[in-house]
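For clarity, chains are labelled A, B, C, D and E in written order, and residue numbers in each chain start from 1.
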Amino acid sequence: MEFGTSGVLSEDGIHVDMDRLKKGEVNLGTSIMAVTFKDGVILGADSRTTTGAYIANRVTDKLTQVHDTIWCCRSGSAADTQAVADIVQYQLGLYHMVNGRPPTTQIAAAVFQEIAYANKDRLTAGLIIAGWDARHGGQVYNIPLGGSLHKQPYSIGGSGSTYIYGYCDANWKEGMEEAEAVAFVKEALKEAIKWDGSSGGVIRMVVLTEKGADRHLYLPDSDYKVRHQ
Amino acid sequence: MAAMFSQNPLMNGPNYSFNDAPRTAAPEGARQHRFDPYTDNGGSTLAIAGADFTIMAGDTRLTSGYSINSRYHPKLFKIGGTTADQKDATIVLSVVGFAADGEALKERLDAICKMYRYRHGKPMSVKACAQRLSTILYQKRFFPYYVYAILGGLDEEGKGAVYSYDPVGSYEREQCRAGGAAASLIMPFLDNQVNFKNQYEPGSGVGHALQERERKPLTRSEGEVLVKDAFDGAVERHIEVGDGLQMMVITKDGIEEVLLPLKKD
Amino acid sequence: MFRNNYDNDSVTFSPQGRIFQVEYAAEAVKQGSVVVGIASKTHAVLVAIKRNAEELSSYQKKLFPIDEHVGIAIAGLTSDARVLSNFMKQQSLGHRLTYGRNMPVRTLVDMIGSKAQINTQHYGKRPYGVGLLVAGVDDHGPHLFEFQPSGMTEEMVAFAIGARSQMARTYLEKNLEAFADCGREELIRHGLKALKESLVQDRELTIDNTSVAIVGVEKQEDGTTKPQPFMVYDGQDVSAWIESVADNQEAAPAAAEGEGMDVDS
Amino acid sequence: MDHRPQAWGRPRDDVYGAYDHSYLQNSGPKQATQAPIVTGTSVIAMKYKDGVVMAADNLASYGSLARFPDVKRLRVFLDSSVVGFSGDVSDMQFLDRHLTDLSIDEAYEDPSCTAAPNGKGHLNAANLHKYLQKLLYKRRNDFDPLWNQLLIAGFDGHSKPYLASVDLRGTSFTSPSLATGFGSALAQPIMRRYAETEEDAAKLTREQAVEVIKECMKVLYYRDARSLDRYSIAVVTKDGVELKEDEQLEKQSWAFAERIKGYGTQTV
Amino acid sequence: MTSIGTGYDLANSIFSPDGRNFQVEYAMKAVENGSTSIGIRCKDGIVLAAEKVITSKLLKQGANKRIATVDRHLGIVYSGMIPDGRHFVDRARDEARGWRDNYKTPISTKDLAGRMGGYMQAYTLYQSVRPFGITAIIGGYDSELDTPVEGEVGSGPSVGAGGKVEGKKHGGPFLYMVEPSGLYWGYYGAATGKGRQAAKAELEKLDLSSDGESSLTLEQAVKEAARIIYVAHDDNKDKEFELEMTWISGADGPTKGRHQEVPEALRKEAEKYAERMTAKDIEEEEETKEGGDKMEE
């Protein structure tokens, strides 16, 4: 089954993300991930946006807030994923107001999925939804192309993820401490950035816990060692 | 939709519903949908009208490509009875081609017959039912039921009646008809054995002196034997036909159904 | 013009919390000729008195089949009944097509109940002016339901609606215990006897004015049950039943059944 | 024949020639049809004398990538039927939710129904199959197919074991044993050896049937490149459904690899 | 009812000079004529009970259910005009289904009560409709467990999600009562219909709101519910009635979080208890009044 001819592997579907783009569309040829850990979840992403081989933006923020402690990582078409995130943000805000309580990660995942599934033939969106809420703690959901919904302990996505399946599977541990989990995300993304031409730039992270959302930033010129935010 | 109308035996030998021709790329500029709503589930049907009976028959194999999906999937349906088990039905519909369309067509025709009975307090005649079936098919002219249908029953005079259809509703009353994958194998045999085509009186001479064999309507038992022979032949030469032979005989006393074995290879 | 200020429409409560329009619609049911229904463990029957407008006119039908497993008896406005009947026919046919089973009778009855309720809560609509007895069988066995113009539907063991139906109900109440174990014939006789109770003096059950309908479940050889389709009987078909409950015949069948019923004395 | 879900519903190469994938890059208005993306491979099932056994592995693939190795593809309906899904996972989830709605509809009828499995008057496997056939056929008519082939197992109105299939075009059929996708080529011949006819199937014991199914899962794992060695297996009986969702393939045969050296004349 | 006949009561959605909507008040009358319904919220579940007055001997026993399932975990019982109640239940089912479609999780009891209150209220706003002639009691058990997104596949870490706030209780049993005006409140014990006064008095004697030893368990609540219906029926003694009861427990209770009919054995037991208790009450009463006249059936 060939989804396209431009991928490295002839029969994979991984490169679907790129091949399904419309002409001239801005592509998040990306490395994104989210992991659960002892106190919540961490989202991480590179910062490269490309149109073809040209880097349209080298400091993109692919981590998007849709509610206080519910965020998502976007891959695929920048336009599509932004539009979807905007709609979900609106819906979750409305949910909070109407029902008098904040939405859970499940509610966010459900709303995301409905949009992704109902418009599957028009969207190029690979999403990872990660959130923390008092009742369910930290949770990670993955919505790949096609709009299915998968609950996972951790999730990786985007073109760069193909290079780190092995790394992540081998090094993943359940119930990590925050520092440990941050290191795991950083190392994984470093590998993805190293091997994937469509990924690069800085590493951004958001840590979601009872304390709220905490942003991290690591820069390539200091080999991602120093936290800048 | 080329395969849909590939009833032409000259074109591709023993007429598989898919052809084994060398693969060629789609012609330049031709647009195709990613989803093909049709498939061919193989199988063959046959109907013969007698003086006071009608025989309907079909094999029970259901295929897709080289796979046999089911060895027992009936292609013959009683239509227009008062109940779900069709105990008092007098009309039989056979469908062959795309099984899901066949099923839908059957249910639609049956529902129409049942509503007719509810509104008018009497069953539909075969003639009316035949016309209605044509309309149903033609209404879907641009997204047809991919089905070769044959409708059988007894007409107002009690004579056997067989109506055959193309997928878009053209229909005709005939003495006999074969449909489906092995139609091209069975039809010439029926021409010869039912309508006595190319049969002459032995010793009646040569050229213009040749006398055609006198045409006599078949008896019921002759018809039944003929049907079995026709299918035994088809099974031998067509991979999509086999497993079981379902036969329904419609007489003034109702519909008798028999199931005979066919080769399963 | 009106009896009071609260009975103009069906969207006004009286100070007592009543809706007069709905109650008036219930009166329309009492204008219709009487129908009786009884359910046993194996059967449900409907019997009805048909009326004719004048000596030479035909009799208005009272019993209608809906699907093979359900039928209705009507009392009140026939044209309202036709609307409900068509609706029920469509629903049960659709259900059969979608699920391949008899529509559960309660589900069907609830649907007309909901439909009728809407008419009692919105301005510009009027309640249906007809009452129904719905007899049917499903996986749970035979059922008898009463439907009222208010949208109220209740399952009954036996019931009668229509003109002078109170007498029939009294008969039914008296014989309530007997119904559960009645066979088909017995049940019909009970129905006809109840019907007779509601007849005006000097009127008799005749083959012209009496309708009988029956639906039931049969035990199959394999232990499962199978519905006996809903059948309506009129004219000569009901003469034997009428004779069996004729006043002078009363003693004979009762004795034959070994059951001393002294109701009509 | 190409049995992978990606090939389902496509114009057949042997009829129309290979598909020209350049059309995939089309932009423009809504194209009602789509392609399966995250997919599950074969589901297999066979009848035995008291019920039906069904199995499917726990993998959801993304092209050749073994993307989600913990996707359970057998679903229980009303404690009395099992539906096995192969093909697109997002459509499977849609159908799963739809089945939930359907089972709630059933609970409306009488509040105690959820307490009694196989309760009389509730949708049995045959009713459910009919319904799903209608649903999938409608979606194919709308050119918006649900890209699945389903197996439905349970009991029919006569309390006999029931097994049937329906696919993305609404084609439906029943047989003593059934398999979707690669299974129709690899597993079906094995199952037919034991349950060629209804009569044969009615002689099989539960243990025999489970054994055959496990054997088939093993063959599929050997030969289907989109399969996994962890699987779910369900046994439907009159008493309800026993579903095990995290089984490991056992008794695999690999040691003979030791005797295979080179590809021709080489012996070391 | 001083303003009866002054004309302000002839149509819905009209205020009288003293600020009353008479049609709504008349709708309440319809409720007050209806047979009694009650709901009990105890610490581990919900019990709904209905008194079904037998209007005809010809009614099939036990066949005509008054308490409806709205979603797996939700039940509704109502007093007043039965067809209106059926319509109300249909709407509640639509609301529950709609919530599921949107959020892929069951609707909470509170949210359903809010929506149904809104629906009832809408029928007091227009002259083209009339208010509902029912008061409905909505009971539900919101799952105390983590609720998955319906249809999701896969799972989180085997050690469970990290960062949950400990010690917080989620979900639980909830009970609401909605009136024809659209007004609704949450209750520990709710009663409506003809016998509501007596029922309320009895409900108030029960320990429902504390978490202590003496607070009612679900099984006790079933028995008390039966007794209360019997007591409430007392004023209407000449008519026979049937008792219908449903219950909802948590996921680890007897109904596993679902709205179900109370099993026959338990209902019979509860009815016996109810008969015993009411007979005793009456005896005591009659003893004091008339000096020991025995009840006769």
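General observations
Quick note on the criterion: a residue touches a chain if its C-beta (ideal position, glycine included) is under 8 Å from a C-beta of that chain, and two chains touch if they have at least 3 such contacts.
Computed from a predicted structure; not experimentally measured.
Separation of chain B from chain D in touch steps, taking the shortest path, is 1. Contacts with chain B and chain C are shared by D.
The most central chain, judged by the distance from its Cα centroid to the centroid of all protein Cα atoms shown, is D.
Chain centres computed from CA atoms place C at the largest separation from chain D.
Relative to the C-alpha centre of chain A, the farthest chain centre belongs to C. One finds 31 Å separating the Cα centroids of chain A and chain D.
Chain C and chain D, compared by their mean Cα positions, are separated by 48 Å. In whole angstrom, the spacing between the mean C-alpha positions of chain A and chain C is 65. For the pair chain D and chain E, the distance between mean C-alpha positions equals 43 Å.
Residue numbers of chain B whose C-beta contacts span two or more other chains: none are found. Within chain E, residues 104, 150-155 each touch two or more of the remaining chains. Among the residues of chain A, those touching two or more other chains are numbered 113, 148-150, 152. Chains touching one another form the pairs A-D, A-E, B-C, B-D, C-D, C-E, D-E. For chain D in complex with chain A, the touching residues are 4, 6-7, 21, 24-25, 27, 30-34, 36-38, 60, 62-65, 67-68, 71, 88-90, 92-94. Of all residues in chain E, those touching chain C in their complex are 1, 4-5, 9-12, 22-23, 26-33, 56-60, 63-64, 81-84, 86-87, 90, 123, 127-133. The residues of chain D lying in touch with chain E in their complex are 60, 68, 70-72, 89, 93-94, 96-97, 100-101, 104, 107-108, 110-112, 114-115.
Those residues of chain C lying in contact with chain D across their complex are 97-101, 104, 106-107, 138-140, 222, 224.
Those residues of chain D that touch chain C in the shared complex are 109, 120-121, 123, 126-127, 130-131, 134, 157-159.
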